[in-house]
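In the two complexes below, chain A is the common chain; its partner is chain B in one and chain C in the other.
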Partner chain A sequence: MLTFLILLPIITALVILAIPGHYRFVIRCVALLGTLETAIWAAVLFFRSVPGTPDFQFEQLVPWISAGGLHVNYHVGVDGISVGLVLAAAWVGFAATAISWDIERENKLFYILLMMMISGSLGAFASLDLFFFYFFNEMALVPTFIMIGVWGSGPDRQAAAFRITLYLTLGALVALVGLVALYAATGTLDVTELRRQLVDHPLPIKTQQRVFPCLLFGFGTLAGLWPFHSWAPQGYACAPAATAMMHAGILKKAGLLALLRVAWPFLPDAVAYWMPVLVWLCLGNLLFCGFVALRQRDLNLLIGNSSLAHMGFAFLGLASMNVIGLTGTVLVMVAHAFLAGLSFALTGWVRHQTGTVEMTRLGGLLRTMPFIGAAMILCFMAGCGVPGFANFAGELGVLFGVWKGTMFSLHAWVLAAAWGGLIIAGVYMMRAIRLVLHGELKPEWHEVSDANSGWRRLPFVALLVALVLFGVAPGILTRRIEPAVVEIVKMARHRAVPDSLVGATGAVQP
Partner chain B sequence: MDAHVLEHAAESGSRLQDLAWMVLFAPLITAAGTHMFLRRERSLAAGFNIAAVALSFVLSVVLFAAFAGETVAGSPFSWMPVAGMDISFGLRLDNLSLLMLLVVTGVALLVMLFSTGYMHEDPGYSRYFCTLSLFVFSMLGVVLADNFVMMFVFWELVGVTSYLLIGFWYDRAAAADAAKKAFLTNRLGDFGFLMGILLIWSATGTVHFGTAEAFLTAHPLALGSMASLAGVLVFMGAMGKSAQFPLHVWLPDAMEGPTPVSALIHAATMVAAGVYMLCRVFFLYTLPANWPDWLGFLQGIPASSIVAWIGGITALLAALIAVQQNDIKRILAYSTLSQLGLMVLAVGMGARLSAPNAGAAMFHLFTHASFKALLFLGAGSVIHACHHEQDIWKMGGLWQRMPVTFVTFLVGSLALMGVPLFSGFYSKDDILATSLETGPILFSLAVGVSALTTFYMSRLLLVAFLGRPRSSGAGQALESPSSMTWPLVILALSSVFAGWQIFGVSQFLTRHFLPEYRTHEFDPLFGPFNHNPTAAMFGFGAVLFGMSLAARIYYGAERDPLPGLMGRLARAMRHRFYFDEIYEATVVPLHDAAAAIAGWIDRWIISGLLVRGIPGAVEIAGRALRLLQTGNLQTYGLWFAAGAVLLAVFTLKR
Partner chain C sequence: MELAVGLLGLAVLLADLWIAPASRRILGWGAAAVLTCVLVFGLGSLAPQSGMGFSGLYVVDPLARFFKAFFLLSGVVVLLMTVEYADQLAVGLSEFFALTLFAVTGMLFAASANDLTMMFVSLELITVTFYVLNSFQRGKLASIEAGVKYLILGALASAFMVFGIALIFGSANTTQFSELALRQRELSGSRIFLTGLTLVLVGLGFKIAAFPFHGWAPDVYQGSPAPATALLAIGSKAAGFVLLLRLLFGAVPEITAEWHRLLGALAVLSLLYGSLCAIPQRSVKRLMGYSSIANAGYLLLGVAVVSPAGSVAVLYYLGAYCFAVLAVFTVLCVMMNSSDTDDMADFAGLGMRSPVLAGVMTLALASLAGVPPLAGFIGKFLILRAVIAAGATHPGYYGLAAVAVIGAVISLYYYFGIVRMMYWGGEPLERLAISVTPGAGIALLLCVAGIVYLGIAPNGLLQLSADAVAGIQPAAASAFKPTGH
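Then we have the complex of A and B:
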């Protein structure tokens, strides 16, 4: 079933490939149907997955290379951590396809690339073999660069495409070095195999110390960890809406997932060692990026920076290193997937209608766009951590987790700063609503149109429903996430060096 | 109290308390229904939403009759089940929440009825009722919550829905700005609230009110050096919602919303939520004072004193400002601030009593809800009649043209001033008596505030309703339609009677804090003079003083003579003691500067250096690699062999 889900967008892409380029309507319909089916199957998968167990479900293993010292298998499966992300990837993928209805130029190629992104991110979330994880991740990344370069907008889109390519390729390379080193140390890249091997014999601390920074900074760059973040806002501002949705919403989470899958359970000593550094970098995301967002006049840059601030929450939860915090992190990841997807879909609509996302040039749009405007208000409310949306549940989990975390003594200040980040978020989100939606309607925007048909509204509604559903009943997610997280925390207890010693060396003192 | 809880949890046959869920959700369901199906059906939308709130009101009455005097709590719904922070949602019915349910649903119902007349011409009629229902839902959630997190969730939703209501006319810049300001100021307060919740959770291991209270009663030192800090942090939440100094700046601006909204959220519900919450977590303020080292200079000062002083300062400042405002709604807004200050003061002082008890604060909240809603709606009626004129100096002589509005407004004003026989007298007396027992300074402050209250309300009455009409609008004003006057009459009745001892509201509330409390004397009308004659005489004296002073200055006045009499002080009062200007000059530039610095670093250091640096590094690496790339097959072979050896060495060494 999981393989079918991953292949579905690829099959769609192949069908599109076979359709001559000038049948635009047919291409759009095929793409839409393909992703709709993916979304439906992902929902089925999500609700059929059994909560309350740490095991991988819908597992499938196909031996691939087994020659000499090299063992690589196609191994997929989901647990509570990834099942929510798979759902988010399929839904945001569908929404991204649906809002790309108006793409005119080269739309065949556009849809094929988009399908590759969807398939790649689904594959990355489902892979239990790190080789395939890497492969799928790259398969989704490469179209990102092309799409920004070809369909992007704005005068500096070439520079943005260049920058995002450079950062992400370098990040991926650094992460690859870490993975290869891990392979060299253990002889396997399979997560379940690694777990079996390392549960009783943790890696020597030296190896951990060598591998961990590569993973942290490599995957961290992919997820926008401060100060390796500056590719993100610019890249999203120039990207076509669908690309920004997929990348900011979905692909960014692959880096975090890899950290959760590999670094946290298998390199616990190094995690403890690097914790203070990570905390400071989180604060960079939370506060620094928040302040930068305050300065923006371009709505997309604002959202790009705010999404970095949200990543700060995810990293902070990772740093807490306990069940509550890690559960919160996964919740934040899923919630932010829907949120970022929704935000960029909405700004995409505004840009399509008005030709600009410069906030000071807009104004009073709620009058002419009641639906989009209302959705945007809800979306921005979710973005500043208002309860009722999934983001709040995740952030609450992270805050509680950090409080409980005994790993570093700074926690009160870290918490205050994190929560302060949300207040800053309130300031810039309110400002954006005030400038774009409230106030007097400018005469040049009297003619812009709202999303009027049910079909046009569907992508926005689908994402909003997910945000509210998981906000009102986060238990649906946490019941699945928690057991898997407990496994990670359990693994992390098997340290090469006991806690007391680390404390004595002062390594964890911030 | 815990025995009750267990008893009701065990008994599963009659689940009358489950009606409370219906009270809570009825407005939400109609709000959603209206939004989806009734956006163009104006009268249907209004009727539908009014019916829901009416249902909530009726059910609240049933619940009140069934459960008064008991505590029923249960948390059947698990919201976020994670080991260690198991948060479940449930409702809590006790004297506090039962009474508050009546206040919220009752006032909301009347406000909605009034709105059918007031908002009749507005194109956003359906949206208005939908948002109003949503607001009532969030407020009921705050009232019924049985744990901190659930209260916080609804607390924030109250903030969001009030944002929508204040910014209802969002294309007016002033309304949009006011909504934004209200939301952000509230968030600032909530910052502390959540931190306080975390502190309490980490010390007691629970977020449920009942369990936390039981735990802290058994182990008063459980919070350690954080005891007072937790109290103050939680109080920050109340400072935001109840608009206490220095976070009070949002409330007067929030008058930009439709007037019935002001009546609802700024009289009976949202701003009362802060005081209600303080009473709910009253057990925090009776803990012994204890501060962490870095706040050592506060050692010995209990959290409750800070609460009381903030309340007192707010009450005094706001009353002074109200004296020099000319906009009828702003006078009422500052009066609300001042009364909320008194309630907060009563909470703080109540915690210092020998038998800690915040009954006075809740009692005043209860009476204030009806007379302040009456005053706001009356002001709405006046504004409606005068074609949206809000300056009292452009009114005058309205008593002849709008008799019902005038009489009801008069009743509301007398209640607010605290004239004997009107409800406000009894509740204000409770506050005065409480503060007299605990400290002379705050007592005299409260008496002063009550004199000022009488003064500015008399001024409002004399200028707006008596004298001769000072504008054509006032000259042609007509009494409002009956949909608007009936709610006024009902509220006027409750503004008179709500305080009478026959109804026993004060005792009922006191028993929430002191279950054994029974009063001995029983005098339905003049109890305060027997119970605590000093407090009652001072209160009465303040009323007489304020009234006669206002009559001397304002009777028949055409212009405000006060600026001439008081000069600079009057100007400062008119300009609200320059708080907005001060914030404008300090907070805004500060965070602009922080943003500018962050933006600069992001642009020039992180992006600049790293991004322009990396291509440079790539360039250098490229040049270096070009040296290796000779095109000679043998060289490549050599490099390949070297690489293989390196790999082998690396593999063998590990």
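Then we have the complex of A and C:
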């Protein structure tokens, strides 16, 4: 069933490939149908997955390479951690397709690339073999570069495309080195196999110390960890809305998922050793990117920076190393997937209607676009962690996790800083609402139109519903996430040596 | 099989007498068809077990079979490419076909060479034909320059090699790889022998365009006719590597193990030099020249780890490299038919002008840059794996892995430059779609199929490479057991 889900967008892409380029309407219909079906199947998968068990479900294993000393399997399956992300990927993918009605040029190629992105991110979340994880992740990244280059906007889109390409490739390759080193040490890249091998015999500390930095900084770059983040805001500002939605919302989470899946359970000693570094870096995300967002005039740059700040929360939860913190991280990941998707969809609408996202040039838009404006207010509320939205639940989990974890003696300060990050988020979000939606309506924007038909509203509504649903009833997610996280924490505490040998700052409570 | 190809070359020359100049393309088609038959039937008829011939000069083993198939396949594509390129070669089309066939013959001999003299003779056959092929466009100054450059440096490299062979023969009294292998322990103390071996390596380094024997590559790649460049990039390099593998691992494995530092240094220098110099290039052929130096660096990395896994990676990498480079040069041939230059500006807007060509080019460049799920990625993955696995014994290899990663990012930058040019490099100079003839179409189809197939289903070629390597590095059998199961 998972394989079918991953293949659906690919099949859609093949169908589109067969349609001549000038049947624009047919192409768009096929793309919409394909992604809608993907989204429905993902929802079915989500609700059919059994909560309360740490096992992988819907597993499928097909041997792929067995010659020449390589052993790689196509192995997919979801547990509580990834099932939410699969759902988010499919829904945001559908929404991204739905809001792309304004693509005029080469729209056949555009939809094919978008389908590749969706399929790649679904595959990356579902892969239990790290080789395939890498494979799918790249499959989704390559279209990103091309889409920014061809359909992007803004004068420096070429520079942005180059930058995002080089940063992300370097990150991916560094992570690949880490994965290959892991493979060289264990002979497998299969998560379940690794778990079986390493649960009783953790890797020697020396190996862990070699592998972990590669994974942390490699996947960290992919997820926008400070200070390897500078590709993100610029890239998102120049990208077409659908690409920004998919990348900021979905693909960025793949790096985090890999850290959670691989680094935390299999390299516990190295994690403990690097913990202080990671905490400082995610404070960089929370505060530095927050402050940068505060000063932006471009709405997309603001959202790009704020999404980095959200990544800071996710990393902070990772660093807390306890069940509630990690659960919070996964919640933040899922919630932010919907949130980022929604934000970029909304700014995409504004850009299409007004031709600009300079906040100082906009104003009073709530009057001409009541629906979009209202959605934007809700979205920004969710972004600064107002209760009732999924983000609040996740951030709360992270904060509790930090409080409970004796991270190191500084945890009160870290908590204060994270709280400060939330305040900053409140300030820049309010500022954006005031500048864009309230105030005097500039004469040139009298003619802009709102999302009037139900059809146009559907993608926004779909994402908002998900945000509110998981905000009001986060239990749907946490019941699935928690058992899987418990398993990870159990492995993460299973250290090769006693704390005293790792250093005085050993992070985990025995 | 070599005889068949050689005779085919002669037959092409003879047939030239009866065929009107205007319809000589048919010769290329015929030669390609016969070569395909040789590939299919010749390889099928070769006995599966290994055998020696000509009192040990000539060997047929899985490694030889692997490379024979490789050379024949690239020969077919290059012939098809030449048919496409025919208008650019003012005169002597059938000679071009014949020379290509002779070069392929030389490569086939090289794949089976088990003796230093055999190695030298086959390499000379290749090199001498390239002297002519490179300077084939007599009207063009660049082409003549390429030919002269290749002639002088090639002659120098041959002189080194012959001198090295003489020294080896003088100290070891034999030129056969298998006999050298038996006596390597006593020989490794002999300075004369080691000097000779070094000089032979210099000669091979020239063939594979590794730093610091790379000086000819950019100019020659840029000046030569595109099909000749393609054959040079694929055939000449692969011939160098098959001989390198045979010599280093078949004849003197113990000395090789001691020389891993030297090989690693050469690999790193080639990789960095090639990648960095490729960045500012505007001529696509010249860029491919530098990228070929960088790729020689990757391949040498696989050799420098001195393990069966490394050699398997080398073979796989060559397979992946072959299809991608052939695809790039076929596209170039098609393009140059209409514009006669290979400047990057000509690629502007190709994505709009002829989406198929641009798509193939993108695919090939992505494979060269190592983007999954294409063939090049598996090749790079295998090399990286071999290097990191070797790092467990010699931590210095981690440094090599780091350089490999840096090289990969730089390579992405310059390959991506071409892709960017094609899709958003501004308006094309002409709006006209470029027509693709059936010959080039078949060649492109073959290459694309290879790139995608090797990326998605690498099992087959991996098995072949593993078999091929097992013949010369018997340690292979034990090392291939997966660890940790």
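Just so we're on the same page, the second predicted complex is superposed on the first by the 498 of 510 C-alpha atoms of A that agree within 3 Å, B and C clash if a C-alpha of one lies under 4 Å from a C-alpha of the other, contacts with A are read in each partner's own complex, and residues count from 1 in each chain.
One rule holds for everything that comes next: a contact is a pair of C-beta atoms (placed from the backbone, for glycine too) under 8 Å apart; a residue touches a chain by one contact, two chains touch by 3 or more.
All values derive from a computational prediction rather than experimental measurement.
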Chain A residues in contact: does chain B have more, or chain C? B
So, does A:A184 touch the first partner chain B, the second partner chain C, both, or neither? both
Is A:I423 touching the first partner chain B, the second partner chain C, both, or neither of them? first
Kindly classify A:L166 by the partners it touches after superposition: chain B alone (first), chain C alone (second), both, or neither? both
Applying the document's definition of touch, where does A:G439 land relative to chain B and chain C: first, second, both, or neither? first
Classify the contacts of A:F217 with the two partner chains as first (chain B alone), second (chain C alone), both, or neither. neither
Per the contact definition in the header, classify A:I65: touching chain B only (first), chain C only (second), both, or neither. second
A:S230 in the overlay: touching chain B, chain C, both, or neither? Say first, second, both or neither. first
Check the residue A:F344 against both partner chains and state whether it touches chain B (first), chain C (second), both, or neither. neither
Looking at A:F380 after the superposition, I want to know if it touches chain B, chain C, both of them or none. Which is it: first, second, both, neither? neither
Do any residues of chain A touch both chain B and chain C, and if so, which are they? 166, 170, 184-185
For the complex, give me every residue of chain A touching chain B. 163, 166, 170, 184-185, 207, 227-230, 234, 287-288, 291-292, 294-295, 322-324, 327, 364, 366-367, 381, 384, 386-388, 392-393, 396-397, 399-400, 403-404, 415-416, 419-420, 422-424, 426-427, 430-431, 433-434, 437-441, 473-475, 478-479, 482, 486
Which residues of chain B touch chain A once you look at their complex with the stated criterion? 78-85, 149, 152-154, 156-157, 159-160, 167, 170-171, 173, 176-177, 179-180, 183-184, 187-188, 191, 194-195, 198, 201-202, 591-592, 594-599, 601-602, 606-607, 610-611, 614-615, 618, 650-651, 654
Considering the complex alone, what residue numbers of chain A touch chain C? 64-71, 131, 134-135, 138-139, 142, 145-146, 149-150, 158, 161-162, 165-166, 169-170, 173-174, 176-177, 180-181, 183-188, 197, 210
Given the complex, residues on chain C that touch chain A span 308-309, 312, 316, 366, 371-373, 377, 381-382, 384-385, 388-389, 391-392, 398, 401-402, 405, 408-409, 412-413, 416, 419-420, 423-424, 458-460, 462-463, 465-466, 479-480, 482-485
